[in-house]
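Below you'll find the structure, written out as structure tokens, and then a few comments.
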Amino acid sequence: MVDKNILETFENPCPKRDYEVLIVQPEFTSVCPKTGHPDFGTIEIRYHPKEKCVELKSLKIYLQGYRNEGIFYERAVNRIMDDISSVVEPKFMEIIGRFTARGGITTSVKVQYQGE
Amino acid sequence: MVDKNILETFENPCPKRDYEVLIVQPEFTSVCPKTGHPDFGTIEIRYHPKEKCVELKSLKIYLQGYRNEGIFYERAVNRIMDDISSVVEPKFMEIIGRFTARGGITTSVKVQYQGE
Amino acid sequence: MVDKNILETFENPCPKRDYEVLIVQPEFTSVCPKTGHPDFGTIEIRYHPKEKCVELKSLKIYLQGYRNEGIFYERAVNRIMDDISSVVEPKFMEIIGRFTARGGITTSVKVQYQGE
Amino acid sequence: MVDKNILETFENPCPKRDYEVLIVQPEFTSVCPKTGHPDFGTIEIRYHPKEKCVELKSLKIYLQGYRNEGIFYERAVNRIMDDISSVVEPKFMEIIGRFTARGGITTSVKVQYQGE
Amino acid sequence: MVDKNILETFENPCPKRDYEVLIVQPEFTSVCPKTGHPDFGTIEIRYHPKEKCVELKSLKIYLQGYRNEGIFYERAVNRIMDDISSVVEPKFMEIIGRFTARGGITTSVKVQYQGE
Amino acid sequence: MVDKNILETFENPCPKRDYEVLIVQPEFTSVCPKTGHPDFGTIEIRYHPKEKCVELKSLKIYLQGYRNEGIFYERAVNRIMDDISSVVEPKFMEIIGRFTARGGITTSVKVQYQGE
Amino acid sequence: MVDKNILETFENPCPKRDYEVLIVQPEFTSVCPKTGHPDFGTIEIRYHPKEKCVELKSLKIYLQGYRNEGIFYERAVNRIMDDISSVVEPKFMEIIGRFTARGGITTSVKVQYQGE
Amino acid sequence: MVDKNILETFENPCPKRDYEVLIVQPEFTSVCPKTGHPDFGTIEIRYHPKEKCVELKSLKIYLQGYRNEGIFYERAVNRIMDDISSVVEPKFMEIIGRFTARGGITTSVKVQYQGE
Amino acid sequence: MVDKNILETFENPCPKRDYEVLIVQPEFTSVCPKTGHPDFGTIEIRYHPKEKCVELKSLKIYLQGYRNEGIFYERAVNRIMDDISSVVEPKFMEIIGRFTARGGITTSVKVQYQGE
Amino acid sequence: MVDKNILETFENPCPKRDYEVLIVQPEFTSVCPKTGHPDFGTIEIRYHPKEKCVELKSLKIYLQGYRNEGIFYERAVNRIMDDISSVVEPKFMEIIGRFTARGGITTSVKVQYQGE
């Protein structure tokens, strides 16, 4: 199950500089709530750290939590944004989910977050 | 035949956030009204949902409606925009049709819609 | 509907030489007999002409005949082989159908024909 | 769980001709029995049908059965071969599993089956 | 010979919307006025129709008119722009000619037109 | 017009060794005898020289001779073989013509020649 | 060990012109401070020289200094920026580190520097 | 040796229109002044002609002049800009030199010129 | 340092079937014994297991042992073959080392082993 | 000038095993004896060492000797084979020269050598 408490952070090693981190997880999978069949996709997370950086191993385990979760694409990407941005509190974050074809049709969802 | 009443929507799961959905259907086909031969192409739909999201299965069936329809490229892409934007009422929508070569010549058509 | 009588041939311009012709049609479409949804694929035809060559325009129209035909992949490729080989009577013919993904799974079928 | 009884077949539509079917499932996932982390890969199945062809939907569900199964690459590919070849009884079958990188290292496993 | 009177147009099916049409002809050929050897290239035409759209078949025949014409790259692309823009009277038009290597050197020419 | 007398040769610089020369001309064009429209393609010539090698500049001009010739694909490739092999008298020669799509369909023709 | 004193510069040959130099080192390697396993990546350095240009051989040796250094991605890229920008004193510098996948997840870090 | 007097121009065929010419020479070679070993690269020249266009054959011979010249990347690209821009007097010119890897490291240099 | 005793094996899960395992490590690095500079490459190991399979984690650590080893390409690949084949005792093994360019030149080494 | 005495060898580190070395030099250049313009190409050398391996640095300098040599493609590749095979005395050697396009036409030459 999806649990945002799994997410860990570490102190930004260079908080004075505005810089960008890009993390790509091409092995995301969840379950379609309509058909019960698995969905597959790539999750891209691009952010500018403020005081914290997301720890990669905990992020991987957090994303594995969707493996047996029934969830639509639009909701999944928005939820990942809500969870990670509330823990990392970045200056800026963008998350793109690119999902593999279903019925010949490919879908992707892109959300952005602007910190104060 | 093409019927916009086939299109279904579901409630935007995150209406407060401005985000983007991209849907790609590489298996679009219609018929050339001049020669009667089939045309083939890819339809890309990029939009920012307001209150509604387009349901993918109904979109697929709506686009299948062009299969035996005689229609020019320019009219087809504009009509797809008219039909989907009137049902989904997005903040923004862009549709690109990329058609395969005829007589060695490749054509694509790009239209945009700006909601109020 | 599929009609092998549409297929036309012309006289092999160089019958003394053993040579190979390869024809690729990436715009093949038929209908799944189970779901009623359209299938898409590429048909590759490789043959060594004996006395006759297949005429390209008639081949294109013959393959268009599958557009609204409900037929499985395995049967479609075998039927295309039966129809074309009986009309062209080549020394050798190989036909490969490469179909686009359904349920994430891609399928192709390859058949061969050896003339006397 | 993995259950070979899920696999269905249909009658070979052209049993007199020796031909080849290639099925590619790029969305295979299982679980590493050592670490508990998910593994991802592509399964390619190439076979020459004798009296039966494998039904694609049942094959998809059969392969989904590995989703929460702890199993090594070498055993998984050999087991898929044992299960499918015993149900389909083909003239020839080859299965290749291509797995994504772990610790920077990519692995694939290829097995073959020769019917009587 | 090059004759702009060959170019035909049809009425823009959606004159209220500002949209873009992209036409790519990868089979352009003319003759080098210096050496007499043939030149080869791709012509890309991107435009926003006002009241008229260019008819594709007539465009193809118009471009074939350069086949035995001795003309430099810079002049050819500017002339294609003069001819098509005067007939189609678009809101905006961009034409790019990408020519194949001569003496190891590749050249392309890009011109733009802004309607009133 | 096509004239095999244009073809020149030079003495094989290493007649004792059996080796291979591959020449690729991606700028071949002729005219369809049915429609009068230009055809485009790539000509690949692979040969093992005996006493003579084909001179490249004369080969280029020979192939340019097809520019305004109405000829079918099958006949063109066979004629190129007849002309070049009779002038160069190689140990072995293979010629492949790969032509661009017409009506969505791509064709290629491959012929071989075995010297005494 | 990492030593910024290794870095050498040479006089900018064209100090009046604002121009850009891009250096790509695809053979960067360091050690993960957590697991002790080696990390691999590509370092891209894009800068506008003021009075000095970085000497390539010394840059190569400087970057080799990370080979047995235990350091996180975010810190490594920020440190490379601190070291090179303090020695070269450019008008502008951007450094991107693109690291290979670990646990299926790919990471890159992008930092910028604006000189006075 | 490098001689800018080799460069020839011809009259811009369309001086009223602002347009762009892009010339790519992938066969540039010079000599490293440090090691004496040859360097290889691609030179891209993008410009907007004012009254003159650069003649391609003379440009090719001008660039061949660097073949046995010992010169650093940064100086070479700046010198090519100085020479060509002073002869062609364009509205705008950009030159990029992309050099092949040395010691695993790839370098490119980009300079721009703004005419009055 | 390189230590073949690090290599571990596990029992072949399907010893009756002749099958192939392919392992690709794109992150191989060693040191040039002449210059002291690091070398980079990809190691491909293809084998048919007899009674044992090589354990991946131990293989990864074994290959990491070359990180600070001064060794020529030809010797490295032959040594990897000697070490792994003596531990795994396969029916057949092929190892290819593909190394990145040095002085513009790329090298690869391929060795094979045939078990009794 | 081309001097085969520059070529150095070192002792084959594994003379008992039959293995293959592949060396690719993509930066080969010579001069066309007809036009005086430079030619560019890639030289691939594949061989099975007997008692000696070719030393890479000397090979690089040997190939640089062609830089200002006027020589035809067919002769150049045959001469490289004669020189290297006589110095290295391999079990087997194959050399392929792939040259860049001239007049739109690309040429490659492949020669083989079989040791006693």
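The chains carry the letters A, B, C, D, E, F, G, H, I and J, assigned in the order they are written, with residues numbered from 1 in each.
Note that in this section a contact is a pair of C-beta atoms (placed from the backbone, for glycine too) under 8 Å apart; a residue touches a chain by one contact, two chains touch by 3 or more.
Please read all numbers here as calculations on a predicted model, not as lab measurements.
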| item | value |
| --- | --- |
| Same or different residue numbers at the chain D/chain I copy interface, by half rule | different |
| Intercentroid distance (Cα basis), chain I paired with chain G, Å | 31 |
| Averaged-CA centre spacing for the pair chain B and chain A, given as whole angstrom | 28 |
| Distance between the centres, which are taken as Cα means, of chain D and chain B, whole angstrom | 37 |
| Between chain A and chain E, centroid-to-centroid distance (C-alpha), Å | 45 |
| Where chain G touches two or more other chains, by residue | 26-27, 37, 40, 60, 100, 102-104 |
| Contacting chain pairs - touch in the sense defined above | A-B, A-C, A-D, A-G, B-C, B-E, B-F, C-D, C-F, D-G, D-I, E-F, E-H, E-J, F-J, G-H, G-I, H-I, H-J, I-J |
| Interfacial residue positions of chain H with respect to chain I in the complex | 37, 40, 100-104 |
| Residues of chain F touching chain J in the complex | 12-14, 17-27, 49, 53, 56-57, 59-60 |
| Parts of chain F lying in touch with chain E, wherever the complex brings them together | 26-27, 29, 37-38, 40, 64, 67-68, 100 |
| Sites on chain C touched by chain D in the complex | 72, 74-75, 77-78, 81, 102-112 |
